[in-house]
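In the two assemblies presented below, chain A is common to both, partnered first by chain B and then by chain C.
Take a look at the complex of A and B:
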């Protein structure tokens, strides 16, 4: 009678331990297969295996939690700078307008991305938009070139648009981000690339959970003249009498360069903020997943442990009863 | 009738409020702006910006940029600035002397130009302090 009851218990355990976790463990090459068959044909994972797995998942959880804190503190540092730099770029838009629809021959797309990974999907969205702009602006007379800032965009764009890349700049974040650095960078770009319109693609930081990919357009002075004459939004430019220098063209040239470096500065800061924010939320969901995994593994561990205790008991009792009777 | 003045740099907003009158130095000389000025867009030279509000003059040292004036709204975009009250007089004086010495030592066109720029900056800062007092 007792034996039958114990046998029934054993069968119940067999159904609880589903075969799936066992195969998962077997397929991972790191864990040795320490399986043994119990008296009822049960297959147990050894508790050792489950414990190892739990340890590594716990480590992952700790690491991702730490990365989230680091990203949060870096975000706080950059956020104030970004908000201050936003004010500078708006007067330019008010005066010279931001015309994404300007039809020009030579487009240059400046893609801003991060150097390090683990930051969610922001780099892929930037690259997607850059590719979209490229497609939109390639035609019989028009051409589009890329200027890439950051490793991640470089990795993605080098694969299929290698011939269109003019300039690649990486490891921006190693030097502290201030205006002088970025203006030197902007200078480099302006010197080496001929352009009619520069389109800067970056992720604007709206809040800690929302990053909007945006395109800012900076037009070269000749195009600004052309658009101003044709009226429309830039028509107001002519109403301003331009002083301070020999010719109006010279002033507009300086203005365009200044505008470019200010917009670049703002774009780089916003992208850095978005990167830290995205990393925060990616690491957060990562540690939460690790927590869930840990819970499931703990349940499996306890079940395995109880099953092995039951098997031992069965062996002992059946051995003892065999001796008796 | 007052003017709305905003002075912006890439790092922060230096000034954003109403004033009665400003004196700005551009490439073609100093201009004074009163309410209802004609709209102009101009380049700002390295010099001092004087602001008058309530019969009191304030000075800010500007290091190059652009200004747009129109509809009683003045927007000045500068690479770098310092408020007159923030500058230490002795330090500015020392900087001026160092800049003058550098200019005398400078050889070659590029060094001369850099030294001249540094000199103008130092002079502007000293002027900013003097103008207040």
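Take a look at the complex of A and C:
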């Protein structure tokens, strides 16, 4: 019964297998065909292409896993420093309060970003917030300038706000971050840029998967005086006696500069932490994706391989049954 | 394939649970700046407004009516918080106008520090630090914030190096030509002579 069925099948296939003239059809050398032409016009689907793809995806997975490990170790190193520096800006906020809505003429937005990429969306968030602050503080007689730290924000802001950029600083993390370096940087910024209010935009490190965009405001001494006189949050600043120095203004000037360097130090450290954390999660999802892709490719590879084996078997069996019967 | 999907589902909540904030992080105080958030949402409605430092800080207690018995001191450096909300009896800070003693109930003051010795008195024990410079804020609620750039306990200072440094900067001052060099040499001399008197006196 089975043999009869097979004979019938064989006859059906025998009609299909007619020796075709082997045409030397080769598609362009750049794209190897999936189909090989064997003798008698047999067709095998090539597994070579799938195998090449699998190899490259596996390499990518290894690389992204390694990058995740590197980011994790760098994060560990810088995280203790960041946590220790968290106490630095709190006394200033306790004394001077936090007035991001102060109405000033000359705003300077200090955007902190990373130099290297592959760290998720944190740089785009910082740039978006900076542009938002620019928009928020736009109006008659008001101007906003940018000071950019890091290559990634530079690339994004140079495109449409080139005339508003005052200063660009890159390669911040070439040497391990320390307070001396940041205070020199702060000094440069304060010397070269006129400001009434400095707004530092950075990503605060909450945890390995959570980075909160934050803006810290440092007001110039004149604006501080103005706000203190008008009452409100800074109203009781006048009740503080100022020791030493010739004038109160001199001490307030030093205070503003010190506040800026301290908040910059904390901001730069927090942003570096966020960068490493974001890179860790980006590389983690990338290696997971590569793993998924590899699974799917393996299935395709096996299917292709089995299909070609089945085709061969069918050819052979039908050939054999054609000879018999 | 289903197994992989269920593994992924199992992994994600664990990752979220692991993402707990650290114990050194302060709880978010609800007193965020309302005018800022309002202005932001009007101009940029698509994005959440950024957080401000006020939401990361614990609010300070208000001025009590009677003078408290202890002074709460926060002594912070860029690299560490030496003392965080520590209750002490008295601190002596090296302000630019001289050594200033701070007791609970001191009037609210802002003072700049010069290089000198800071001493913290707690009961019978006294800890001394050499402070390079910084600021001290004394609030009306008997909270004192001391922010210094560099502070070391006195026993970590080496006398020989101090003497050498002093000699070096004195010679630099005499050979200085520009105002900048003179100022730098003068700062060096100030710091080293303060170190000297801290170690000897």
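A few remarks follow.
Operating definition for what follows: the second predicted complex is superposed on the first by the 284 of 325 C-alpha atoms of A that agree within 3 Å, B and C clash if a C-alpha of one lies under 4 Å from a C-alpha of the other, contacts with A are read in each partner's own complex, and residues count from 1 in each chain.
We adopt the following convention: contacts are C-beta pairs under 8 Å (C-beta built on N, C-alpha and C of every residue); 3 or more make two chains touch, one makes a residue touch a chain.
Predicted model only: the values in this text are computed from it and were never measured.
Considered on the superposed chain A, chain B and chain C are sterically incompatible, since they clash. After overlaying the two complexes on the shared chain, residue contacts for A:258 are found with chain B and with chain C alike.
In the superposition on chain A, contact of A:169 is made with neither chain B nor chain C. Residue contacts after overlaying the shared chain place A:214 against chain C, while chain B stays out of touching range.
In the superposition on chain A, contact of A:88 is made with both chain B and chain C. Look at A:132: by the touch rule set out above, it reaches chain C but stays clear of chain B. Between chain B and chain C, the partner in contact with more residues of chain A is C.
When the two complexes are overlaid on their common chain A, residue A:193 makes contact with neither chain B nor chain C. The intersection of chain A residues touching chain B with those touching chain C, taken from the two complexes, comprises 81, 84-85, 87-88, 91-92, 94-95, 179, 183, 239-245, 251, 254-255, 258, 262, 265. Residues 6, 8-13, 26-28, 38-45, 65-66, 68, 70, 75, 77, 79 of chain B are the ones touching chain A in the complex.
Of all the residues in chain C, the ones that touch chain A in their complex are 1, 4, 8, 15-16, 18-22, 24-25, 33, 35-36, 39-40, 43-44, 47, 50-54, 56-57, 60, 74, 76-81, 84, 95-97, 100, 107-112, 134-135, 137, 139-140, 143, 145, 147, 149.
Listed in rising order, the residues of chain A touching chain C in the complex are 81, 83-95, 97-101, 128-129, 132, 135-136, 179, 183, 201, 204, 206-210, 212-217, 236, 239-245, 251, 254-255, 258, 262-263, 265, 288, 292, 295.
By the touch rule above, chain A contacts chain B in their complex via residues 81, 84-85, 87-88, 91-92, 94-95, 178-179, 183, 237, 239-245, 251, 254-255, 258, 262, 265.
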